[in-house]
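Letters are used for the chains, namely A, B, C and D, taken in the order the chains are written, and counting of residues starts over at 1 for each.
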Amino acid sequence: MAETKTAAYICKGCEIGTRLDTAALVKTATKSGKMNLVREHDFLCSADGVAMIQNDIDNEGVTHAALCACSRRAKTEAFNFPTIAMSRGNLREGVIWIRPDTEEARETTQEMAEDYVRMACAEVKAMTVPPGNQKTGSVKTLLVVGGGMSGMTSALEASKAGYKVVLVEKTGALGGWAGKLYRRVPTREPFKAPEDNGVADMVARIEADSNIKVYLNATVAKTDGAPGRFKVEIAVESGNVAQEDIGAIIQATGFSLYDANKLPEFGYGKTPNVVDQAGLEALAKAAAAEGKPICRPSDGQPVKSVVFVQCAGQRDASGTHLQYCSGFCCNTSIKQAMYFKDSNPDIDTAVLFTDLRTPGNGEDFYRAAQNKGVIFSKGVVSQVLPNGNGCTVKFKDLILNEDTQAEVDLVVLATGVVPNSGVNIDAAAAPAAAEAPAEGEAPKEVVASVPVESILNLTYRQGPDMPQFKHGFNDSHFICFPYETRRTGIYAAGPVRRPMDILQAQEDATGAAMKAIQAMENAGLGRAAHPRAGDLSFPTVRLEGCTQCKRCTVECPFGAIDEDEKRFPLFNESRCRRCGTCMGACPVRVISFENYSVNTVGSQIKAVDVPDEFSEKPRILILACENDAYPALDMAGMNRNEYDPFVRVIPVRCLGSVNTIWITDALNGGYDGVMLMGCKHGDEYQCHFVKGSELGRYRLSKVGDTLKGMNLETERVHDVEVAITDIATLPQKINDYAALIKSFPPSPFKGF
Amino acid sequence: MSDLNQEMADRYKNNFLKEIEEQAEMGEWVKMCMQCGLCSGSCPTNFHSGWDHPPQEIFMLIRAGKREEVLNSQGMYMCTSCYNCYVRCPRKVPVTHVMHGIAEYAYRIGRAPKAQPTMHLSKTFWTNATKTGRVNEVQLTQSLYFKEGIGAGIKKAMEMQSEALGLVKAGRLNPMEALGMGHKCKDIKGIHAMLAKAEELEARNKAAKGKE
Amino acid sequence: MTSVVATNQTILVVGGGISGMTAALEAAETGKQVVLVEKNPYLGGRTVQLYRYFPKMCHPTCGLEINLRRLKANPRIQVLTLAEVTGITGTKGAYSVSVKLKPRYVNSNCTACGECGKAVSTEIDDEFNYNLGKIKAAYLPSNMAYPQRYVIDPSIIGTPDADKAKAACKYDAVNLDDQEETINLSAGAIVWATGWKPYDAEKIVYYGYDRFPNVITNVEFERLADPHGPTGGKILRPSDGKEAKNIAFIQCAGSRDENHLRHCSRFCCMGSLKQTHYVQEKYGDEGKSTIYFIDIRAIDRFEDFYQKVKANPNVTFVKSKVARITEDKAGNPVCNGVNTEGYIRYANAHDLVVLALGMEPAVKGVNIPAEVMSDSSGFLMADPANAGIFGAGCATNALDVNRAVQSATAAALRAIQVVNKVARAEA
Amino acid sequence: MARKEYAFYPGCSSQKGASASNYLVSVQSMCKTLDIKMTEIPDWNCCGASVSYAESGELPRIAMNARNFALAETNLPGQEIVATCAACWLGSRESKERLEHNSQLLADTQTALKEAGLQIKAIPEIRHMVEVLIEDLGYDELAKPVKKPLQGMKFAGYVGCQTNRPFGIAGESFENPMYLDKLIETVGGEAVKYDQKVTCCGGALAFSEPEKAQAQIKDIIESAYDNGAEMLVTPCPLCQANTEVYQGQINKKYGTKFNMPVLYYSQLMTLAYGGSSKEAGLNGNVIRASKLEQFAGK
C-alpha cells in the first residue's frame, strides 16, 4: 500500500473563476483541507487539465484527489481515474449556478464554495480505493426451479451461452402447463390457427444437451450461501438428497389455475359439463387421442354448442376473487373455440367477455376466430345452471342491453392464474411490510388457494422464499428494471413473476437467464449487482464493537446478512447491493464501506465552517439521495433555479444509509437544521433499494425525541420526499425551509 | 312468399347467422363485426331521426338469432348508400352492401316491413328501369307519389308542383314520358330474357344453400 | 475520424432508447464489449419524452438516471450519437457495419456551460417536444441529455449565428468544420432496438388532426403535461392557449384497424388511463376526462390501475369508436358517434381531443440484411435460423416499457450466445 | 382524330329531356373544347343504381351492368367506358370488380347475357368523367383553354358520396377530397372551405324519406352560405338535383331563404372556356345562376 498523498484541484472554467475567488479556495484546500498538493486550472476537464491530474498520479504519487469543479454527474468521461480515491466538490451546479451573480450575494456564495472545497477534501481523505474481493464464489452453474416452458427456456438459453444448468422439476415430466395443452396459441404469422404446443421438441433438446442436468420428481430442500457459491440440496423421489454447487437461481415455478370450486354460481362441480380451461384441454387431448370430436363429460355425446365465460373469478373489484386480469385467457379461449370450429364449423361457439384482451398480433387471432364463425358477445354471466346434459348460461348482453340466456352442452370457465410463488414472507414479517387492506386481502386469499410450501427453502435470515409483490407474484416493482428481485442472484421467470402467455414467458425466461448469468459473472469478481452494478466496495464490520442488536440483519432489504452461530452478523457480500442500509441502521457504527462510511459523510459535516450565533448565517445540512434528489438539485442548477446560500448538500446512497449520528453530530456542531431528501416510499415506492427510504424515515421518526432532549424545535429536522423531476419545486422547498429555520433563534450549540 | 320465409326458418332452425351468411348478399361479413360502432356513428340518416337498429346493432341481433327483429327492422332502409361506414369500418366490412343484402333478403322472403317507403322506392325504381331498360323519371315520380293512393298522390304532387314545373321549364322533365314515350332501349326483349335467366339462376343458387 | 474499437466479439446495439440502453448495459455488465448507436444527439429515446410511467406514475428520468450512471461507470460501452447504421454485410459472428455519423459541431470539450445557446438568436422547432415549441439553434436537448453536450443545428451552419456560437465558446468546443463521416466497424452480433413511432395521425382523416388545432396526439399530450415541456406543465390547448379541462381520449386511433394498423398497440389504453391522472392532477374536480374505447386492455395487474381510474367520478368511459370529429363555432372539437352500450347518439364538445395513437415499428425501410425477418406490420420476428441479428423492444412488437426492457434483456443474452461462441472458437 | 376517345355511358338522368340533361349539354361542350371524343354506347341500359338493392338480386343487377360492358366491348373495342353520373360509375365499377373476383358470378352472368345474345371477354376500365379530366389530361391541360377565368366568384365544391366513396378519385381522401376545389381554381374561381363537402344529400331517400334527406341538404346549403359561397358545384346528377330542387321545400319547412344555384363542374369549365349560357346548359338550372349568365353574356 503506497503511502497516502492527497491533492485538490480547483477548476476556474464555466465562470467558476470569475464568480469565485479561486485563490482563496486554493488557500482553503491547503489550510483547512490540509491537502498535500493543490492546483488551479482554467479548464480542468480539458485534455490538458486531465493530463495534469494523471501526471500527478503517475509522477507525484497522488492517491487521493478532491476535484472541485462541476457536479459528480458531469464530465465523468474526463474525470475517470479508477486507480485513486476521488471526491468531487460541486462548485458549478452546486454553487455558482444556484446563486445570483450580484455584489451582495458574492460573500455567501464564496463561503458556500469554500465549504464545498473543505467537504471534498475531508471526504476523500476518509476514503480508500475498494480492492474488490476475490474470495467470493465463482460457481457458474445455473439452477432452474420448474420444468415448464419458462424453466426449459431458461435452461436451454443459458446452455446455449455456454453455462451449465441444473433443472429441477417437481413432477415426473417436463412441460408444465404447456405440456397439458392440446395446442397452443400461435406464435408466428399469420396467427390464424392453434399450433403444436412445442413441448416435445424442447424436451428433446434438453435431453440432448450435455450442459443441462435434469432432476424429475424433485424439489429444492435447502438453499444455502450466496450468488457464486450457493449450496443447494435437491430432494429426489428416492428420498435421497443430491448436492449441487450453484452460481445463480431462476425460479420458474409457474402458476395454478384459480380454483373453479370457488365459483359455484357458474355451476362448477355441480355438473361435469362445466370445466375450466385445463379441463377443456384435457377433453381436447382425449378426443384427439381417440380420433373423436370433443364430447360432453356427462354422457359422452359430441358437443354441439359451447360457451366460454371470460374473467370467471377474475378482475373482481369486490376482493372475493382475483382482482387482476390473467392476460392470456382471452387468447386461450379463442384457441379453444377453434378446437371446435376447426373440427366442425356447425358447432355453436360463443365467447362471453366484458373487454376482449388480445394485444399485439392477438388481434389477428381474434379476427381469425370470427372468420371461423366463433361468436363474440360483450356480456356478463350471472349464473350457469345444470340442465340435463347441458347447461343454461344466464347473462346480460351489454350490447343489446338485455338479460338473456343460452342453452349449451358445455361451459368453459376462464378462471385465470394464481402464482406458485411459495411462502409469503412479508405477510409474516414486520408491519413495515404490511399492504393496505384492500390490496392485502385478495392476494392472501389467493395465495391460500395453492399449497404454500417453500419453493427455495433459503436458509436466509429473512425467510425461505423470495419476497412477493402485489397479488402474490414474484414480480419486480420497477418499470425500468423488471427483473429486480430483493434476493440477489435469484430471479423469477414466467407466470410466477406476472401473468403472461407462453410467448412472453419464453422471452421473460430468456431475460431472466441473462440476469442470472450476469449475477454469476459479477459475483465471481466481487462486483455489486444492480443498481450499483460494478461497485467493488463491500461492507466491513468491526465485530469487536458489535452489540448483536440485529438491526442490520433485519433491515437489509436484500436479505444479505445472516447471523452466525455466535449471533454476530454474517455478511454475504455477493448478496449485498451496497445500499448502506445496514450502515445507517447500526447504532454503534461498526459497519462501513471503503468509499462510503459513517466517516466519509461525518467528516464532511464536521468540515463545514459554522459561523457563530451573531453572524446571522445559519447552516443547514441537506442529506440528499444520490439517485433522485441530487440529480434534481443538479438540474435546478442547470436551469439556474436559485436557492438559499446557507445549505450544504451531501449526497447519500440512499436515505436508508443515513445514520442518525450524522444528524445529532450536525446539531451538536451548531447546524441550525437538517433536511433529508429521499425517494417516495410505500406501495408506489420509488426507492431503488426498495425499502431504503422507508427504513430511513422510520429511523428518523425517532430523532424527534433526541431533539426534544436537546431542547430544539422538532422542525429543525425536516424530511422531504423528492422525485428527480422536482427541478423547479425543490429549490422552493429549500427556501421555504430555510425561511422557517431563520424564524427560529440560532442553534444554541454554535461555537462549542 | 311467406312460405318461403317458413321454409328458410325451418331450414336454418335457430341458426339465423348462418341463414344470413348463405342467403343475404355479403351476409358472410356479419360475423366479422367487432362492435366498435363506427358504422352507426358514421351514418348520415341516423343523425336526424332515430331508427330502430343501426348497422352494428343489426349485426349483433343477427348473431343473437333475433330473426324477426332483424327482418322487420327499418334499419336497412335508412341507407342512403353514402358508403361512409363502408370506407371507415376497421374490419373492412362492406356495411353498405350487407345492409342492402339483408334488405333484399327480407323482401325476398316476404318479411320486409309493409309500406316501407324506401322499400317501395327501390321496387318501383327497379321495375321502372327494367321495363324499358332505362328509367322513365316521370312515371317513376308518379308511381312514387301515388303509392298511398290517388288522394295522397295528388296532395304530394301539388306540394311538389313548383319543383316539377321548374324542372319542366328547365327542360329536365319531359311530360311526354308520362305517356310512356321517351327513353327506352331497343332490345327490350333481350333485356327481359336476360333478367329472367338471371333471376332464375339466382333463385337456384340460393335454394341450393343450407341444404346438406 | 471517429475511432471505435470493435471486434467479432463486440456486440453492436442499434438504438439508444430504453431497450437499446438495456441491451447494451446488460451485455456490458456481463463483461462484453458493446457499441451503442443512436440517431438522436442524446440517449433515452421516447421514454424520456414521457411525463410519467403507468402504473406507478413515477418519472422515466428516474430510471434513465440509473441507466446513465451504469453507463458512465462502465468502460465497456462506446456510445455513438447522431449515428445511423447504413449497411451491414457479413454473417453471424463476423459482421461489418457501416455507420453514418452526422456532425454535432460541438466536440467533447463542451462543458454544457450554455454560452453558445445564449449567443445564437435563430430558433428551430423543438423536436424533443414534438415541435410544440421553439428552441435556440444551439441547444442541450433536455436536462437529462447524455452526452451532456450541446448541439448546433445544421441549419445555422454558414450563417453569422454559427460564428457567434463559436465565438461564445471559451473552450474551443464548437467546431463548425465538423463533417459527416461514415465509419466501418466489426461486430459478432447485433441487437436491433430502433423502437417505434406514433402512427401518422393525419392518415386518420375523419379525426381531422391536420385540420383542427385542438386535436392532438397522446405523445404530444405527455409533453403538455410535463413541467419541463413547452407549456411548463400546463394543459393548454393549441388554438387559443385556453386551459383544457374537458378532455377526450380516443382509443384505437390507428390500432386494431385494417385501414391503418392491424395490430393492437397494447400500451395506448394504459397510456390514456394514465393521462386522465394528469387531468386530475392539474385541475382536480374541474378536470373531466372522457375515454372512448372498444375494449379497455389493462392487462394483468394493470387491471388495478384501470379499476382506480374507473372509480374516479371525473372520468367517463364510452364504449364507442368515435366516427368523426368536427369543430363547433367556439373552436371546440366535437366527437360524433354512437355509444354502443344502449345506442345513444352523441355529439360531445370537448376542450381538447387526444388521439391514443398506436405504435408503428420504426424499423420500416431500414437496410437490414435479409436474415432479419419482419412480420406484415413491419415488426422484427425472432429468426428460427437464429442468425446474429436480434430484435429488441418495440422493434419486435407493440410493448409497454416494462415488456420492452424484458425483451431487450433477452436480446442481450441471444447476442452474448453468439459472441461467446466466437470467443470459444477464437480461444 | 381526337386526342382521347372513350365509350360514353351517359346514364338515364343525363339524356335529352331528363333531369340532368344540362349536365350532358355542358359535358359535350367541355369535351369539344378539350378534344375528347365520346361515343355513346349503343343501346346502353340503366345501371340499377344502388337503390334498387331491395328488389333486384345481385345477379340481375350485375347482369344489367354486364350488358353495358358487352355492348361497349363489341361496338367500341379497346375504349374505356366513361360515365358522367356517379351512380352509373359506381354501379359499373362494383359490377366489374365482382365479376373479376367471382368466377361463379361471372359464369352465371354469361349465361344470362347469352339470352340477350351477348357475352363479355375482357371488361373495359370504368372511368368517371372527372378521372378522365384530372388523370388523363391533368389540371395544367385543363387550364390551357381557359379564356374567361371565373374571377371573384365563390363556389362550394360539393363532392358528395359516390364519386368519393368507396372508390374515390385516386390519391384523394374520403373525408376531404380536393379535386373539385382544384377544378374550381383551375377555371379561376374561388373554392370556399366548408365542412359539408362530403355530407350525403340523402340520395334516393329524397323520395322515400324526404324529411331526413332535406335536413341533410339544409346542412349542406347552410354551411355553403355561412362560408361565403355563392354557388354549389357538384360532379353528381343526384346531388345536383337534390340540393337544387328541394331548396324551396326546405325554405317552407325551416323558414330559410335559400336560393343557391347548383352547377356542374362541366358547366363552369364550359363557361371558362368561353362557351355560351346555352352551351353550358345554364338554361337547365332551376335556380338560375344569373351571375354566371351575365358572365357568359359579356
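One rule holds for everything that comes next: a residue touches a chain if its C-beta (ideal position, glycine included) is under 8 Å from a C-beta of that chain, and two chains touch if they have at least 3 such contacts.
If you're wondering where the values come from, they're calculated on a predicted model, not measured in any experiment.
Averaging the CA coordinates per chain and comparing them to the mean over all protein CA atoms picks out C as nearest. Centroid analysis (C-alpha atoms only) places B farthest from chain C. Note: centroid distance chain A to chain D, computed from Cα atoms, is 67 Å.
One simple way to say how far apart two chains are is to compare their mean CA positions; for chain B and chain D this gives 23 Å. Rounded to whole angstrom units, the spacing between the C-alpha centres of chain C and chain D is 47. Chain contacts: chain D has residues 174 touching two or more partner chains. Shared interface positions of chain A, defined as residues touching 2 or more other chains, are 378, 399. In chain C, the residues touching two or more other chains are 206, 256, 319, 324, 340. You'll find the chains touch as A-B, A-C, B-C, B-D, C-D. Interface residues of chain D, counted against chain B in their complex, comprise 12-13, 15, 17-22, 43-46, 48-60, 62-64, 67, 104, 108-109, 111-118, 161-162, 165-166, 168, 174, 199-200, 202-205, 207-209, 211-213, 215-216, 245-246, 248-249, 283-286. Residues of chain A touching chain B in their complex: 348, 366-367, 370-371, 373, 375-378, 397, 399-400, 404. Interface of chain A with chain C (complex): residues 13-15, 43, 45-46, 70, 74-78, 157, 160-162, 188-189, 315, 317, 323-327, 355-364, 378, 398-399, 401, 470-471, 473, 475, 477-483, 498-500, 504, 507-508, 510-511, 513-515, 517-518, 521-522, 530-531, 533-534, 627-628, 631, 635, 638-639, 680, 684, 686, 688, 723-725, 727-728.
Touching chain D in their complex are the following residues of chain B: 25, 44-45, 47-49, 77-78, 80-84, 86-88, 94, 96, 100-101, 103-104, 107-108, 112, 117-123, 125-127, 129-130, 133-135, 137, 141, 144, 159-160, 162-163, 166-167, 169-174, 177, 182-183, 185-187, 190-191, 193-199, 201-202, 205. On chain B, the positions that touch chain C within their shared complex are 34-38, 40-42, 46-47, 50, 54, 56-57, 84, 87-92.
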